[in-house]
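Letters A, B and C mark the chains as written, and numbering starts fresh at 1 in each.
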Amino acid sequence: MMEGTLPRETVLIPRAQVKEPGPPMDAHQGGRGAKLSVRGLTFFYGRNQALFDNTIDIPENRVTAIIGPSGCGKSTHIRAYNRIFELYRDQRAEGEILLDGQNVLSPETDVLDLRRRVGMIFQRPTPFPMTVFENVAYGLRLHYSMSRGEVAARVEKALRDAALWSEVEGKLDNPGNALSGGQQQRLCIARAIAIEPELLLMDEPSSAIDPVATAKIEDLIESLKRRYTIVIVTHNMQQAARVSDYTAFFYQGRIVEYGTTKQIFTNPVQKQTEDYITGRFG
Amino acid sequence: MAIIDQVSGTTASYAPKSIEKASVERKLDLAFKWFTAAAALFIALIMAGIVANLIRFSLPAMKAFGLKFLADSTWNPVTERFGAASSIYGTLVSTALAVVIAVPLSLAIALFLVELAHPAVSRVVGGAIELLAAIPSIIFGMWGLFVFAPFVAKYIEPPLHSTLGWLPLFQGPPMGIGMITAGMILALMILPYITAITRDVLQMVPPVIKESAAGIGSTKWEVTWNVSLPYGMSGILGAIFLGLGRAVGETMAVTFVIGNDHRIAASLFAAGNTIASTLANEFAEASEDTYRSALIELGLVLFLITMVFQVVAHLWLRRVQKTSGRR
Amino acid sequence: MQPRSIARRRAVNAVISAISGLAALFGIFMMGWILYEVIMRGARAINWAFFTQLPGPPVSSGGGLANAMLGTLMMTALGAAIGIPIGLFAGVYLAEFGRNGRWATAIRFVGNLLMGTPSIITGVFVYTVVVVTAGSFSGYAGAIALAIIMLPLMARTSEDILALVPNELRESALALGAPRWRATLQVIFRAARNGLLTGALLAIARVSGETAPLLFTSLNSRLWSFTLAGPTPSLTVTTYTYAMSGYATLENKAWAASLVIILAVLSLTVTARFVLQERKR
């Protein structure tokens, strides 16, 4: 258990519905438990099918990268994990996504609590129109009742963990969108980790910011993975090779290959994977 | 629930909001959605109410006069004989006049704003024209009655009379108060709306198309006339219908200067009335049921005319948005 | 085959350009003329008494229109208190929940129809509903008529402004676990605050100059009306009545009232536009 963990109540689901986690995808996982298991996930935009029978295990406390050409369904896939797609009427998902054995797609799962446990960082930085402090405190105040002192302590901790504290210390009352692009994205990361999620989803988190800021975020990911399970979608293969432990290659809505990053990038099994890695398409 | 907070080492006094609160949140969310839906539905309710009440309160007059109401130009509160013909005539003529005057002006101004003016000038002039749209109807009425009507009587009607007086349109004494003044003021009032939409339409023409025309050697006007205007014609027509819809319902400005005469006269110099001006002038004093009902039936007719223009404008403009891919 | 004269085409172009310039000048000139007359004639007739006293007898040039100003303020405020919130939440429904659904499209269309309804017809409607039922004219009826005019305006503006808020901001709030109503009220409203304020100000500016809907709802009065029950004076209706009265003294007061009206409307409009500009920066 980590230091100063926030107390949590798990959603109670009748025992009959708790599934045994499926067998690990690969021996490479070395017996580590899967934090999240996807079984047969299919996804539709209206009548168009975007994901076809995705099955994958996301290992705990590791960084899993999802790569593939644009339009292959990477973002769609992880957006099923926190059911953010439910904002849009014509999008729907079928199949099972088991977070610690409980199916998050089931209507009995409380989606607000799900989103407390699964955090998401978006492609473009999305600071709320509030001060830096209020941004980070937002999630805390949403899910917990705590004294002002505790909120302040947790905001500082989150900002430190997001490697932003030194740049905003003393300036917490400045508006969030007065920060630079890279700083805003780290602010969003601080905001997400303030409520101590178990799983952190990052949807192309550095595609809208400059290379120097990108490097800072990649270092951040490296330090965060000790406490969180991270899934990062990226179209930048070098980034995937740098930060991730495991990589999944998506193509046209299907998972083509999944394995350790080392194996995928040096010795891919599928020809499609090899073609993508070597830049023959995408 | 007391928990040892490992960050500060003290007894934490916070507690997670319990899970049963989640179902409260879900109910709140549903309530919120229904609340906003109710607000939206309220709009439809009001509209339905307007239609229903207009019909309901016109029934006595409809029963008394039937369809003849639309063709009869008599308007006699004493004998209780009412006919909408002069009001409908006045409404249509004043509106037609307004459109005939405003449309060429608007096109010219829009052309100036989009093609000819320096961007800074365009913004200032455009802003001034937009401000014209903010001026309330009653101000137009005051200015119309006390300033413009005398001006028209002195400087516009006599020349028209001497040059075009052989037309029945321009006969009769130059009073200032009358159909032509009303038409001109209405034109001024719908000018900013038509200009704004035409300007937007012209700006939406893809630059490449204009450049192609210019590249062949067209003058600026030729590009506009041959390319931009046909390209944006649907939008411009939609704008005109919108302007028509507004002009038809304009009340105060017209009431001040049209003279409130329930006759159909051929001359534009003569006084007349519109549905809106009649309502404004007479509704408060109408005491008998038939009188009031006839007035409300007039209102119903006005409402229907406005609706027709609005629906046509809506359909036109939707076609424009579809072809330009804006939606 | 004959070449078309370039000189002639250039001449046509020049003439039309000149006409366009003249048209623009004409537009500005008319605008200026109207403002000039209102300011000149209004300023001549305005004095301290105008703002503080009740109307005197028509033949005297004394007295003021303080009661009418109060009446307009109260009815506009009440109308705004009713029309703006309902319009705002209708806009929330259209932008956040309804989106492009069938119901939302239908309501948008009906909203456009309501917006295009002549304000005098709105007055007739409120007459049939409120005045007839209550048996008397009242400031409440006037306020309700104004609210009905503001309603679709505010709904349309709110919807447009809220739709401009990027989806990712919405998703960020929801991804943190915020329920829909909190995300809307705490995050999206704040992001759209300037635009919504502008919409409200413009709606208020629009109705504060309205005359027709008040003609047979609130009617008019020469006395103070502090409660809005019973006929309530307003600046606009008073202007109309005075202008048509035939008395020069009253006509002067009408000009003074017109000046106050136009100053109020234009300053509200310009403030609203200015607020919007601030946001764009």
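Convention: a contact is a pair of C-beta atoms (placed from the backbone, for glycine too) under 8 Å apart; a residue touches a chain by one contact, two chains touch by 3 or more.
The structure displayed is predicted, hence computed values, not measured ones.
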Chain nearest the overall C-alpha centroid of the shown protein atoms: C
Most contacted chain pair (by C-beta pair count): B-C
Separation of chain A from chain C, taking each centre as the mean of its C-alpha atoms, in whole Å: 48
Cα-centroid distance, chain A relative to chain B, in whole angstrom: 52
Where chain B and chain C are represented by their mean Cα positions, the distance between them in whole Å: 14
Contacts with two or more other chains, residues of chain A listed in rising order: 112-113, 143
Residues within chain C bordering two or more other chains: 179
Junction residues of chain B, two or more chains touched: 25-26
Chain C partner contacts - residues on chain A that touch it in the complex: 82, 84, 87, 89, 112-116, 119-120, 122-124, 126, 128-130, 138-139, 142-143, 188, 191-192, 195
Interface residues, chain C side, partner chain B - complex: 9-10, 12-13, 16-17, 19-24, 26-28, 30-31, 33-34, 37-38, 41, 86-90, 92-94, 96-98, 103-104, 106-107, 109-114, 116-122, 124-125, 127-129, 148, 151-152, 155, 179-181, 184, 205-206, 209-212, 215-216, 219, 236, 239-240, 243-244, 251, 254-255, 258, 261-262, 265-266, 269
Residues of chain B defined as touching chain C within the complex: 25-26, 28-29, 31-33, 35-37, 39-44, 46-47, 49-50, 53-54, 56-57, 105, 108-109, 111-113, 115-117, 125, 128-129, 131-132, 134-143, 145-147, 188, 191, 195, 219-222, 245-246, 248-252, 255-256, 276, 279-280, 283-284, 296, 299, 302-303, 306-307, 309-311, 314
Of chain C, residues touching chain A in the complex: 99, 101, 166-179, 182, 186-187, 190-191, 193
